[in-house]
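Going in written order, the chains are labelled A, B and C, and every chain counts its residues from 1.
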Amino acid sequence: MTTPGGWLDAVRRERPLVMNITNFVAMNFAANVLLAVGASPVMSHAREEVADMAAQAQALVLNIGTLEPVWVDAMHMAARTAAERRIPVVLDPVGVGATPFRTRVAADLLATAAITAVRGNAGELAALAGAQGTMHGVDAADAPPVADLTSWARAHDVLAIATGAVDQAADGTNSREVANGHPMMARVTATGCSLSALVGAFLAVAPPADRLDASVAALVVFGVAGETAARRASGPGTFVPLLLDALAALEPDQVDAAARITRSRPA
Amino acid sequence: MTTPGGWLDAVRRERPLVMNITNFVAMNFAANVLLAVGASPVMSHAREEVADMAAQAQALVLNIGTLEPVWVDAMHMAARTAAERRIPVVLDPVGVGATPFRTRVAADLLATAAITAVRGNAGELAALAGAQGTMHGVDAADAPPVADLTSWARAHDVLAIATGAVDQAADGTNSREVANGHPMMARVTATGCSLSALVGAFLAVAPPADRLDASVAALVVFGVAGETAARRASGPGTFVPLLLDALAALEPDQVDAAARITRSRPA
Amino acid sequence: MTTPGGWLDAVRRERPLVMNITNFVAMNFAANVLLAVGASPVMSHAREEVADMAAQAQALVLNIGTLEPVWVDAMHMAARTAAERRIPVVLDPVGVGATPFRTRVAADLLATAAITAVRGNAGELAALAGAQGTMHGVDAADAPPVADLTSWARAHDVLAIATGAVDQAADGTNSREVANGHPMMARVTATGCSLSALVGAFLAVAPPADRLDASVAALVVFGVAGETAARRASGPGTFVPLLLDALAALEPDQVDAAARITRSRPA
């Protein structure tokens, strides 16, 4: 079995090209997170080129944080190419449930776009499930955290990643919890979006059977980097550059020593 | 009377949701400024969702820094919802006067969009007034600083905030000057835009009668944070993260002790 | 002859307005680089205003990093105004060769838009040449670095700047190599884009006959700032703010003492 540090090493060795159709707030930070960890970012959203760009990528990350309709078209176009090439596609449903537009776009992507993994907070995953009718009668806005992420993953046929104080990842059969990270990460914008990009990089170097493990590795690496940065930061401002420094400096052994992973029992 | 530190405390306690339709340069920085001070930012500009998003916000900030026509439509749509809900709307007329397009868009928003407060530098406020015919015969580009901000505020029926070496804020009756801040703030892009977002957060927690005081508090808090950051920064690059650290760490008592506010005589 | 430090001094003294139609990832960083060096940035891309804005600028920078068709229209409109006013236009063909759309847009701009200088990595310059038929039979993606940049510059009638471990600049007659810089600069997104903006600032203060020297000065200043920042940075995250600090603090004498320029023999 490959450890989180082993997956980090694979990302650095293979330098996967991760294509992002993401929001304006996260673009710079997510690109720097990918570079810091050793991956190769590309941002592109024009309908005139997304299929050509996706044809070269090792992973595709779709983030609905600052949507516009033409970007949604581009997401579907890029996802079709990704599906043909069988590269992993990560969906970050930022703010799903907050507006009907966001909810509809996220649900459509999840239903039709060959999504490999969904990364959101528990509220977003609950809202997304509600939008698709698997949570009848529960108002998305009032939905509790996803109690059974394994069932959620099975229902949507994806890898599900719900991040928070403790992160959870589950495919339809198994789940893991990751207790790494630091509260400072919630005090900075676009950390979640950047983590979704990082998940793309780790899935890019993993065979399909290892995707749960690789996504857990992304959670551990980001969390350990956050812990390292928080020890040196004097606040949320200095935390950001120090998080990037930590991502670039992390040794695989250090990651494995600091990993706090628990295996949940199957639901 | 609530002190600046008291308003800061209110922002941290109420965590207002501040919706921003802002420019690409400022998005990440403004979001982090709002998070650092304890508010909750959301960025959204699609016509398909701005009304739904504004329906949940406690303040709306409109910034014309990198305009496009569809964004202007979205600003008007969001502002209509804000007006119905009587939440404060802050207009940042970045670069008004520099092009006829910007001037027309800013003047239209000021005339029709139920703007609560305008935050700009003195030249922008002069240009905006000129565009509306209150400064006939004065070329906007050559306009002097706003000599009488109280009259400006009364003429446009808004809270007026003109920032510079000394900041001024005025409603139609009273005005204040704030001498906090540091020259380093002008060496970094989007500090003014971020301050406009911060004004939105402070207005969000203030009753209408207290809006002048709350906007002054935003100026003081941003200025004191800038002074704190400048003492530690080695240049404009390190100043940015340290400004965010300072915003997050400021104690209300410290803000009140450092505040340099003067009440101007009514004009 | 004006030294690199002398050109830096000229930028600080004249504070040229540099208009950027650039990508979403680079906008904030490029604006801060321009401010740090003492220039004045403006970002604008709406077709409704780009001609008016370009009418006031001292240089125009076009960057195709996150293209959309309406932005391409705006680039051509702004470039026409720049040509009428004879201000320098810098093209940064980010990712040219990666997709047919990018390649076509970059080649069209180079062919029709009165481009003064092209700044890219060697692969981008080779791809751009291939797209225009000057490198028949060489697949752009496999193109070697530009072996003879003087010929490249002459063929396209531009100043050509190819950056990498060693930077090269050439007009159709002369060329220079600049060995300043640090590998950390490649670990951070948008450093190349920001350098293109910086080239715009330096060309803005140089008469046409001195453009090669001025562009070399931009390479030296950015490289020396990078060396300075790398000595203090603990990784790619802290490198970014320290690079801005260094740009703001560099003394002309220090730049000249640290410059590592060689004159290549004419090809």
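Remarks
Here is the rule we go by: contacts are C-beta pairs under 8 Å (C-beta built on N, C-alpha and C of every residue); 3 or more make two chains touch, one makes a residue touch a chain.
Quick caveat, the model's predicted, so the values are computed rather than measured.
Shared numbers divided by all numbers used gives the overlap of an interface; between chain A and chain B this overlap falls below half, so the copies present different residues.
On superposing C-alpha atoms, the copy chain A sits rotated by 120° relative to chain C, to the nearest 5. The mean-CA centres of chain A and chain B are about 34 angstrom from one another, to the nearest whole unit.
For chain A, the set of residues that touch two or more other chains comprises 24, 28, 240-241.
Against chain C, the residues of chain A that register as touching in their complex are 24, 27-28, 31-32, 35-36, 41-46, 48-49, 52-53, 56, 70, 240-249.
By the touch criterion stated above, chain C contacts chain A in their complex at residues 23-26, 28-29, 65-69, 95, 98-102, 187-190, 233-241.
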